[in-house]
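Before we start, here is the structure in question, set down as C-alpha cells.
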C-alpha cells in the first residue's frame, strides 16, 4: 500500500442490515466501510454488522459520525479494523482522534475488547490492535490549509478525502467524482502531504471508472461502489429494460 | 391487467430495512413484494417497511411464510395491498387463504386496521380493503394437478408460479428463469387455468430479459429484479472493473 | 368477578412500546390487554412489555394473533396472566386453546417458564400458573351458534365478545359500542351461555360510558379505553382548542 | 410566522414508536417535535419516525440530546425540518449549533442526505435544506444573561424557552405552564431579544389553555400537547368514569 | 454418533443476544441449540445469532416454538444445521416435520436459502442441506405410546427427550435430571425405539454429571449446560463468596 | 458505606438483554452496573434494562461511554441510580460530570424524568434524584496525579479505579486483579485521596477472592463478577467435565 499501481479497493456500506452487508461485502473487496455518519447505521447496527462480518477479509473500517472518543472506542472494541473520522480540521482534532484509537503509550484508548477479542483473524487480539488504520478526513478549507501538519500527527495512518464537503468548501455544488481542475489539484496536494509524512491517502468515489483514475492519480485506497447507490440503479435499469422491452 | 401486452412489473424485496426498501421501491415499479418467506423480513420488519412505503404507488404485496391467518391479518392491518401465499396445494388451502384475506361475507378476516386505516391512497379504508390481491402460489405437483380447481376458488385473485419449487417438484435443480420445455409447458397450463377461471397469473423471474419473455407468454405480472441479487451483482461488477482496470 | 355490580375494568394496549405501556397501565386498571392481533405488538415487543409491567397489578392479558400453541406458550412463559384467543368457532378450537394454556393433566402446555418464573407476584410460579385466564372470543355466526358448547369446554375460563367482527358476521358495518337490538340480544345470549357454564363473560368497548352499560348488562370484564384511540383524541382536542382559541 | 396572532401549533412526541407517532401527528399540527433529549427516542427510533412521517405536513423538528454535531447531522440527513438544541448558553455554543445545521458557506454541515433526499415535500432537496429551523433553547441563567447575543448569531432562526429548566435556574420547582411573575417577565424579555434580532420565539407548554396565553404573549410557536402526557390522562379519566359510574 | 461412548455434547442457548451466544458457544461444544420455544429468541433474534455463529463448528440447531413449516423454513434458510421440534405426538406430526425440513423428493421444503447460501462450512450449500438433523421431541404419553412409529418416519434423524414435559405427562413435578425409575425406564424405551429404527437419541440435561450418566445410558447427544442457568449460578456463587468472605 | 468492613458488592453487566440482566441481577447484589462503555449496551438497550430492573434493589449504576452530558441525562431520566464516567482526568472534567448529574443549584442537569418518575422505590422522584451516585474513574497517569483535586470536586461522590487502563498507563499489560506492588500502592493512594475528601472509593475486580482482598484494602464498593465472564467460564467447565467424564 502506498506504492505501485494496485490501490486498495474499498466498498461502502450505508444500509444497516447485516444480511445486505454480507451480500455486498463478500465478492472480494480489500476492505469495506460501515458508514455511521451519512449511512443509516447507528451504534447497535454497526456492531451487529461487525459481528456478522467477522472473518479476516475484507477489513472492516467504520466511518464515525463525529470525532467522539466514546463511539470510536465501541467500534474498536467490536472489532473494527480502522476508523475514518470526518471533519478533522486541526492538529488538535487529529491528535484527539489518534489518542482515541491507540492504547497507551501511543494513545489513551480504554481497554475492554468485546467482539474484537473473539474474532478469528489469525492474530491474537493485541497484535490486531496494533494494525488498525486511523484515517483523518480532509474536507474543509481549514483542514486543507493544515493538511501537512495533520498528516504528520503520530498515530494518524492516512488522509481520506471527502469530495462533496471539500467541493462545498470550495464554493462548488456537492457530489462525488469531480472533474474541476481546482479539485484535482487539491487532491494532488493532499496526496503530496500524505506522502511527505509517510502516510497513506484515500478518497471516496462513486463509480469504478473514476476510482481507477484516482488510483492512477496516486491514491492508496479508493472506494468504488456503495450499496445505497447500487439498489436504485438496479431497480431503474430493470424497470427501463421492462418498459422499453 | 390480464389483457394486452403490458404486464405488471414487480420488484422483489428481501432485505429487511426500510431505507434499502425505499431506495429500491421508488424508481417506478407497479408493485413491490415484501418477502417474509425467503426474504429476511420478520413481522416487525415487514410492518416497518409497510409504514415507510405508504404512498399509493407502488402497490405493496407481502409474501407470507406460510398460509397462517394470524400473520396474514397483521400484514393486511398494516396496509398490505395483497398477499402471496406459498405452497397452496388444494382447494381447502386456497379457501383458507381467501377466508383470511376478505371480510365477511366474502371471508372471515378479523376487523382491526392499524396502519391501513392511516394510509393515504385516495381511497377510504374500506374501499381499499375491497381491492386487495390474493395470490395462491402453485409450486408442487399436488398443486399443479389441482390448479384448475384452485384457480376457481372465490376470493383468489391470481395464481403465482414459484419456479424453483416447481422445478424441484419436477425432479430438476432449483433456480429461477427456466428453459426446460417441461417447465414452460407447465407455465402455459397454469396460465390457461387462471384464464379459464377469470383470474390473473404471475411468476417470479430473476432477470428483466426473462421477465419480458414471460410477459410475452401471457403472465399478467412478472418480477424483474430482487434487491438481494442486485447487491452482490453490483459489488462483483465494481470489483471486476477495478481489478481488470 | 362474575357476581355483583363491579365488573373488572380492562385497558387495551396496541402501541408496542414499554414506556407508553407503563404510562397507560399504571393509573389503576384491574387488567390490561396486550393486543398482538390488531395491535402493533409482535412476539418480542409483547415480551418486552410483559417484562416491564412485572408487578402483580394490573393483571396482564395477551390477545394472540391466532389460536397457535407456540405463540401462546411464549406469552405464558413470559408471564402473561391470561390469553384472549380470537375466532374460537368450535369445541375443537376451544379445546386446542385450553390445551395450550394449562399444564398436564388439565392440558398439554409445555414447561419452561422464563420471565414468569422471575416475576414477583407474591405467588410461587406454579401457583401463578394455576390462576391464568383463558378467554375464547365469540365473533362469528359459527361461534355464536356453538356458544353454549364452547363455554362448557373445560379450561376455558370465559367468553370474550368481539363486537366489530360479530357485527360483520351479522351483516352490519364493523365498529365497537353497538346500539342495534340484534347485537344487544346476542350479547345477552352470550352472557347467558357463560353463566350456564359457570364461566365469565367480557367485551371490548371503546368508551367508558358504553363500558358501564355493558357492565350493567352483565359482563364481568369490560374494556374502557385503548391507547391507540387516546392519542389521536388528545391531539385533535388540543388542536381544536388552539384553533378555536 | 413572527407577526399576527396565529402562532404555530406544535405537538410533542416522547414515545419512540412510529405507529403511535403517526396517530398523534396526523390530526393537524403545524409541526411536531421528536424529543431525543427527555423523550425515549434514540437515534434509530428518531430515524424510523422521520421515515414514517415523511409527508410535507406537519413539519418535523428534532430536539437533540445535546449540542453534538454528529447527531444533529444524522437527523438532518434523515429529513428533519429543524433542530431544537438544549442548553445553549453562549454565542460560541449557538455558533457551533448553527455551523452543524447549515451547509457551507453558512455553516459546516457535512453533505450526505439519506432519507432527506428521498422525501416528497414538493421541494428539491437542496431547497428544503435552505428552509430548516434552528432553535436555541434558553433555559439557564447564563443563557438568559446572554440572550440578546445568542439571538443575534447568524443561522439561529429562533429562541426556544424551556420552562422547567429555567424555573430550576431561578430557584423554583421544575414544571411547565408557570404562573410566577418572574417567569413571565423572563419570557417577555426573551421574546424581545428574539424580536430585536429578527428571530422567532417558541415555548413548551403542557396544556392548550396555557399555550393560548403564551401565543397571546407573543410566542411564534407554542407546544400544546405531549403524547406521554395524553396516555396516562386518558387512562385516568376512563378509570375514574368507570369507578364513579 | 450413535455408537461408542463419546456422545455429542450440546450447549443450550436461551438468551437472545449474539454476543452472549458467541461467548457461550465458542469453548468447544459439538453443537449448540438456539431455543425459540422456551428461550427468549424470536425469529429475528435467532437469525441474528445464526449469522453471528456462522463458522462450521459448533453445529447450530434450532428448537422451534411449534411444528410450523413457515418458521422451520426460515431457520433452515438462515443456516440452521438442524431442527428440534417440540411435542411430536404422532406419525402425522413427524411426517409434517420431516416434510418441512427436506427438499423434494424427500420432503417439501421450499427453496430459497439466504444466510445458508453465504455460510462457509467447506460444503456447497446443497450438500449442507443434505446433512441437516431433524429431531422429534418425545414428551407426552401419546408420543411415548407411538415412539416406535415416530422413530421410523423417514426424514426424522433422531428422537429428543424433553424430561420436564414427560415428567408432567407421567404425573410428576416438572424439572430436568430425573431420578425416578419410571423416567429412566422411559428413557431406555425411547433409546431402544431410536436404535430399532436406526436413528439417534438425545436428551436435555441441566448438569454435566447427569449428562454423563445419560451418555452412559445410551444417548447419542446430551445437553450439558444452559446459558440462562449459568448466569444466576455465577451471580449467586460470587455473592455467597463475598458475603461469607 | 465508607466505613466498616462490609463493602458494597456490585455485579457487572455487559450483555445487552433484559432477560439475561434480570437473571444475573436478582441473586442479591447491592448494585449492578450497566456497562455502556466496554459492554454491548447502546442507549436503547440500557434503557430497556433500566425499565426491566425497576425495583428498589439492587441499585442500578450506568457506566457511560464517555463524559457526554446528553447520554448521562438520558440514563438518569430512565432511572439510573448513579453514573460511572470513564477517563476523568482533571477537575474540569470532573466538574462537567457533576454538572451533568445534579439539578440546579448543584449542577445543570436538565429536567425531564421519564422512567425515573414512574419507578417505585418508595421515594418520590425528586428525593430519589438527591441520592444518585457520581463516580469519577481514575485510570490514567494524569488522573492519578490530580486525584486529590478530582476527589474534592463537589458533586463527585466517589472515585472508581479502572485497573486495566491504569495498568496500561503504568506501562503494564492490561487486565484486572493486579498483584504488582506499584498498582496496590496506587490503589491505596486513591483510597486515601477519596477518604481525605470524604468520598467513597470503588474498584472493578474480576473474581470474588480478589474483590474480598480489595474490600479489605479499604474499597467501599467492589465488583465481584461479570456476566460476560460467567458465560464462557460455565461453558468451559461443562465441556471439560464432559470430555474428562
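Residue numbering begins at 1 within each chain, and the chains themselves are lettered A, B, C, D, E and F in the order written.
The definition used in the following text is that contacts are C-beta pairs under 8 Å (C-beta built on N, C-alpha and C of every residue); 3 or more make two chains touch, one makes a residue touch a chain.
This one's a predicted model, so the numbers in the text were calculated from it and none came from an experiment.
Student: Which chains, if any, touch chain C and chain E both?
Tutor: Both chain C and chain E are touched by B, F, going by the contact rule given at the top.
Student: Name the chain whose C-alpha centroid is most distant from the C-alpha centroid of chain B.
Tutor: Checked the centroid distances; the maximum from chain B is F.
Student: Write down the chain pair with more C-beta contact pairs when B-C is set against A-B.
Tutor: Of the two interfaces, B-C and A-B, more C-beta pairs touch across A-B.
Student: Starting from the Cα centroid of chain C, hunt down the chain whose centroid lies farthest away.
Tutor: A
Student: Approximately how many whole Å separate the CA-defined centres of chain E and chain F?
Tutor: Roughly 38 Å separates the two chain centres.
Student: Between chain D and chain E, what is the separation of their C-alpha centroids in Å?
Tutor: Those two chain centres are 53 Å apart.
Student: Centroid from C-alpha atoms only, then distance chain B to chain D, rounded to Å. What do you get?
Tutor: Measuring from centre to centre gives 43 Å for this pair.
Student: Quick one: which residues in chain D touch 2 or more of the other chains?
Tutor: Counting only residues that touch two or more other chains, chain D contributes 14, 19, 23, 26, 40, 42-44, 68, 71, 114, 228.
Student: Please list each pair of chains that are touching.
Tutor: Final set of chain pairs in contact is A-B, A-D, A-E, A-F, B-C, B-D, B-E, C-D, C-E, C-F, D-F, E-F.
Student: Within the complex, which stretch of chain A touches chain F?
Tutor: 42-44, 47, 68-71, 73-74, 77-78, 103-105, 108, 110-114
Student: Can you list the chain C residues touching chain B in their complex?
Tutor: 14, 37-40, 42-45, 64-66, 68, 71, 86-87, 139-140, 162, 164-165, 168-169, 171, 174, 228
Student: Quick one: in the complex, what on chain A touches chain B?
Tutor: Of all residues in chain A, those touching chain B are 9, 11, 14-17, 19-20, 23-29, 40, 208-209, 211-212, 215, 222, 224-225, 227-228, 230-239, 241-243, 245.
Student: Which stretch or stretches of chain C touch chain F in the complex?
Tutor: By the definition above, chain C touches chain F via 18-19, 22-23, 26, 48, 51-52, 54-55, 114-115, 118, 120.
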